[in-house]
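Take a look at the structures listed below.
Shared between the two complexes below is subunit A, which pairs with subunit B and subunit C, respectively.
The block that comes next holds the complex of A and B.
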């Protein structure tokens, strides 16, 4: 480890520039920590207490700019310091030359990029609806990442967009892939001929990754926000998305993903689907199973792959049956390791769709399942912070996310909960989803390995990893790290839930 | 370009160039800092607001700023102004409704907690926000801030000021912004309660003042109850306006700097809520 610093005298940069440069330096290879701060006595004290103080700073004055870097090696530190000039100049030059101008309004942004045809909006919900309408009035499609947009506003936006032939993805739409471009929380997947419409964000991520990992690819992945398929909104954008994919020349197979739509919406979807010549696969997590409908997101994705490759859908079922036999073997082995009173599964999910899918799958495997976001017959947890019997928790629900980052970005809350559940003598299995991709935590393996290692001494830790090897985090590396820490890693949430449920069933038979 | 407003604390004189930012060019003479700013920045006691002004796009050092009784001369540009162009920076409070005020303070608190920059001092209102700060310097910074605020809340106001001054990220460090918010809050309390807090404010200012001219200028104006436009709008909204207006004013305040507006807002809120040990 190496610490070095620079003093820049008489250097005045505004706060936004200083904060941005500080963040960029910290992201450089081999940099452990960095600070770009004014040379006040207080800041020098903080630099000292955080191990960043350089002797060069001893005589710094309040108006000097201090750059402090702690690196893994001297080379890393010196490289980072050498980059500072460039970073500061870039911060200034991009403003003076307009290379990265920061417009402060939609009008300003449109002046900068007159050909833009999509606006991604991520501001507080009470303002987001108006901004979205402004974007639509300017002829842009909208991806509305914001949540807490009033229902009436959502309906008005979608009706307006429908009349103009525009898409409104959202509100609360966290992921989409349009023309090969991942938007917000999305994965790096192959391009191909399978188009997705999804009213379930992590559902979209799961199927798109499974499709890509199976060698097929995505033409478009249109998110609609979860509320779209409820009665009030009526599936407006779900239907528009389906129509768009029907017309899209690159799309040969269509995959629909959602929690169960309202029956009126389902009727409209089915009616429209009958008019479309392309094969359509549906995965409505939690809907009553029909023989021709896949029972899991994984199965739906694999069926879409088979159809896109001109293969029969039946072969997917037989492949999964063979895989499930392997799951049973693993479950039996894990069950044998647990103590007598270890009898419950505790699912801690960052993705709401995965939490819902877990409940659906556990319905046939377990009795006495509780959740803070119950689906079907699952009972409501009295207190989201305290598990009861088999508990599946959606850590993305409001009670966990008000005033803090989403659990896909910040693992601290879930990590604490993992240790709490592992310490419970009645816990046999901890079930986790790990979602990779843009926007998600850059190093989930580092965040999780420690607690997984600790927990796996007492319980079976079962993880699914949603992602691809092309994601910034690299799925292969994450899986290897989690296995090394003691987790059992599965290629899908469905497989993980099946394994967790089977471990418990073997425990019950003992 | 046209002159939109001139701050009521801007005095006649010739001010050499000091520094330049994206929306502001600063001129300094005898420790008085005057900023020529775009409408994006807006009114302030020492601001001259020029429509279509581009602060950092010029590549040459500007000539000194010259101000007379009714003109501003900036390079080759000459702007005339009248009494009506002055921005009045003091806030006179009348007919305030305590219940509305306290309700709106809660709205401000909510906005700071939910909508402010992740690295702002709003973690003092919501502990969970400390997870936004990386281990290392940033967490050490939050510890220092917490220490200083704890001192203030427990009757050691000036010790707390010493702990906070110059502390943190940004050109005007977060600690200074917090203290400015405290001073603005003290001024408001003085008017609301009819009690004289000027001596305390002067002591706070003298303790906080250091070598950063931007912070010093800001703190001095705050001590004297002279507010920049966005803060004045927020104070008036808190006293008289609807929740919607308070939220919009809070959003405009929080848009200042990296976290300066939110830091100032946090200091102001804690003071006005009576949590800063000032009785």
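The block that comes next holds the complex of A and C.
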């Protein structure tokens, strides 16, 4: 075995490009492991733990590119190192057009695209805030995909933007659709007359896809980042977004999606909502249920669809009641296939909102639910890597994503976990979400089919696919492939959770 | 006053800063967008960053003033003299060298070799061993050329008896000095000190110097800015390629040499020497840059560079607004094309005062004007154009005289702003010759490199400390 490293002083590539190149190098003959990362402290710690750290990296700075290769022989290692430059160049060339120079700053970009009106920022959090402020100072609206932006910075940005009439979506805003253009992790949905403000990324994807798949469409979908509705930020952008949709002529129905806002923020939202004459549907996943509030993202989306088409909202409830009967039939059938000691649900989620929604729905269906990201009366898992009783895991939590891509992009971690759960004799149901759209894995069916086929021989695999047929991955195709592999595919996360819960209920009744 | 509803009503035009995958989605949706090639800024302490932020208007004003001085510079060759007679602060026991200050024990091979050669040439030592002992003894003072209104290529040695060009900035009245270029092969500036090297230096002193001196005196003065501007239109960037500028200089000086030199054979010898040395003009483009930039020294609060220089060990810079302070960091080895038989392992770290050309908007900053040398930047002329274009991001402005034909005669990026370098992490691009790391071997290749970040990080903090209200 042979480990070698190189430092490229001052070379910089975005993390996705580097992960892609790292994967390509690892796939080269004779290479056991490889990494191409910027020389930050945390990256060096990751190299250390994978045995890829060389002593020469000690003096590397954050702005140096580190290349590390572990090969079976020195020849393999050296030829892998020699391939790095070509792969990096190729990765860059796919996005560079001709000999045209790319600007290296916002100022340079503004020269190239006069009248630019939105900056989409996804650089490391500690730099992203300053870059966002520069964009605002230049009169640009901002979508801030980056996470780890300090709270004070978020507040400063949003207050500044509010004074200037500008929008700040994020930090940690994964998705938005402005003027029909999907931004970051967004789906290709119909345009229409439903406007969305969301402080929950996958929540926004779920409702916008359900709306589109139901034949309605989206006017604007504004993300705010999850922290916006906390007390400190005070819902600045949630409220500004709501005001803008209220004034927007294309928007006839407004849909608000969030994990429960702080009570002060909620009061402000409710107060503002009273002044708006358009119908407003809210889905605050995990909030104490109220009579007039839909209980799931799906229900909220379908109510918005009904209202946008001039139909009464009750129509949705009766349709869902009928659907739930169908779910019960499926649940009964699946429960019959399971052995006596198979009694637990294991939910493995890539979307945080879905993990939260699962817990909300399980509250009335199951007892003894554990999670690494508990909401409500769910209990905290002792070890996120080891399930207890009914467990729902958010694999997008930081503990799983440090130094590796998000589970919507990289399925390897969840795939391993699926097999672990399937091998547990007490597992009855494996519950999954699959999120499509830009930014997500280009071929999730190929990634999942093998493990689903294996797992579904022993347990019920239940999953929902968030996406549309216009997404690059094509929802219909993905669903068909998953069904073929043995999964039960439901039209929404809520339906999947309901089905998983009902299977367990039938097991318990036996 | 903008509003979110205005955004809803307009075509989305997006600047994507970060993950390039998002740009793909924007393209698919036919949204207009530009990808920014973002890099993390060079890290500086928060206190300095805040001070710079606070003083930004004052800094911008100062930089505008500095740029004005640089652009108004009028470098002229006005004569030739012996170093000891004209260079301010020059002493008989002093040797000037390229780059920031350095002691004998830290000098790289070529620098030591050149010091030995200079001591032999000055007859201060009889043998190489004597010269080494003398150099190490402390009896010889080493001082940077830049601290004496001078510049020198590669090792950049100026010894007391060497003839030097005398340049005057006609707009601002200051002077600058540089030795005469020895040509290629085994030469002092690459650390060679064998007998032929010393013989050539003596010929330059005894023959070349008096002939050129008389010729220049006859012409009175030669406008170097004009020659450089023309040369840029003819494929030079006057750092690594000086063929056009040397040719123009030759056409300018030849009649004066023929009329002032009494011995035709000597005139022919001198003309042949200039004619056979494509880099003869380098020793004029460098002091022309020096005399232009020296006039811009000492403008309070200015973050514009007046010096960028290397001694083969350290890379040093000076800013207009930080007086005579040097900010240094380790010099890197250039990426180069090597002459047959040599590799990167033989190369010395970057050396020479010649980066003064880049500091003045020439050299690597003007490489888009020099398609003939693009093989040094990877053989691709797109790369050369991209390098020049990128340098506009870190300069205070554009040149009013030096232009790039390919870029529609746009002025070269001029006046390197250390703050922009730090904030954008775009390091100045230098194209340069490469010396063998052992003394006496000479040039082994030519190539390109970016300045190291360390001097700029230090200069940022150094300027922040000196920022003042007035």
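Everything below uses one rule, namely that the second predicted complex is superposed on the first by the 409 of 510 C-alpha atoms of A that agree within 3 Å, B and C clash if a C-alpha of one lies under 4 Å from a C-alpha of the other, contacts with A are read in each partner's own complex, and residues count from 1 in each chain.
Note that contacts are C-beta pairs under 8 Å (C-beta built on N, C-alpha and C of every residue); 3 or more make two chains touch, one makes a residue touch a chain.
Note that the structure is predicted; figures quoted are calculated from it, not measured.
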Touching A:124, do we find subunit B (first), subunit C (second), both, or neither? both
Quick one: is A:385 in contact with subunit B, with subunit C, with both, or with neither? Answer first, second, both or neither. neither
Subunit A contact check, subunit B vs subunit C, more residues touched by chain C
Which of subunit B and subunit C A:62 touches, first, second, both or neither: both
Considering only the touch criterion stated at the top, classify A:18 as touching first (subunit B), second (subunit C), both, or neither. first
Applying the document's definition of touch, where does A:446 land relative to subunit B and subunit C: first, second, both, or neither? neither
First (subunit B), second (subunit C), both or neither: which does A:104 touch? both
Go through the superposed model and pick first if A:26 touches only subunit B, second if only subunit C, both, or neither. first
With the two complexes superposed on chain A, say which partner A:112 touches: subunit B (first), subunit C (second), both, or neither. second
First (subunit B), second (subunit C), both or neither touched by A:50: first
Name the residues of subunit A shared by its contacts with subunit B and its contacts with subunit C. 12, 14-17, 38, 61-63, 95, 104, 124, 127
Residues of subunit A defined as touching subunit B within the complex: 12-20, 22, 26, 32-38, 40-43, 45-47, 49-52, 61-63, 68, 70, 92, 95-96, 104, 124, 126-127, 402-405, 410, 412
Residue positions on subunit C within touch of subunit A in the complex are 1-8, 10-26, 28-29, 31-43, 332, 381-382, 385-386, 389-390, 393, 424-427, 450, 452-453
Which residues of subunit B touch subunit A once you look at their complex with the stated criterion? 18-22, 24, 26, 40, 56-57, 59, 113-115, 118-119, 126, 128-129, 131-132, 134-141, 143-144, 163-173, 175, 210-213, 247, 251, 257-260
Considering the complex alone, what residue numbers of subunit A touch subunit C? 9-10, 12, 14-17, 38, 61-63, 95, 98-99, 101-110, 112-113, 115-124, 127-128, 131, 135, 139-141, 145-146, 164-167, 178-184, 186, 188, 219-220, 240-241, 243-244, 247-248, 250, 438-439, 472
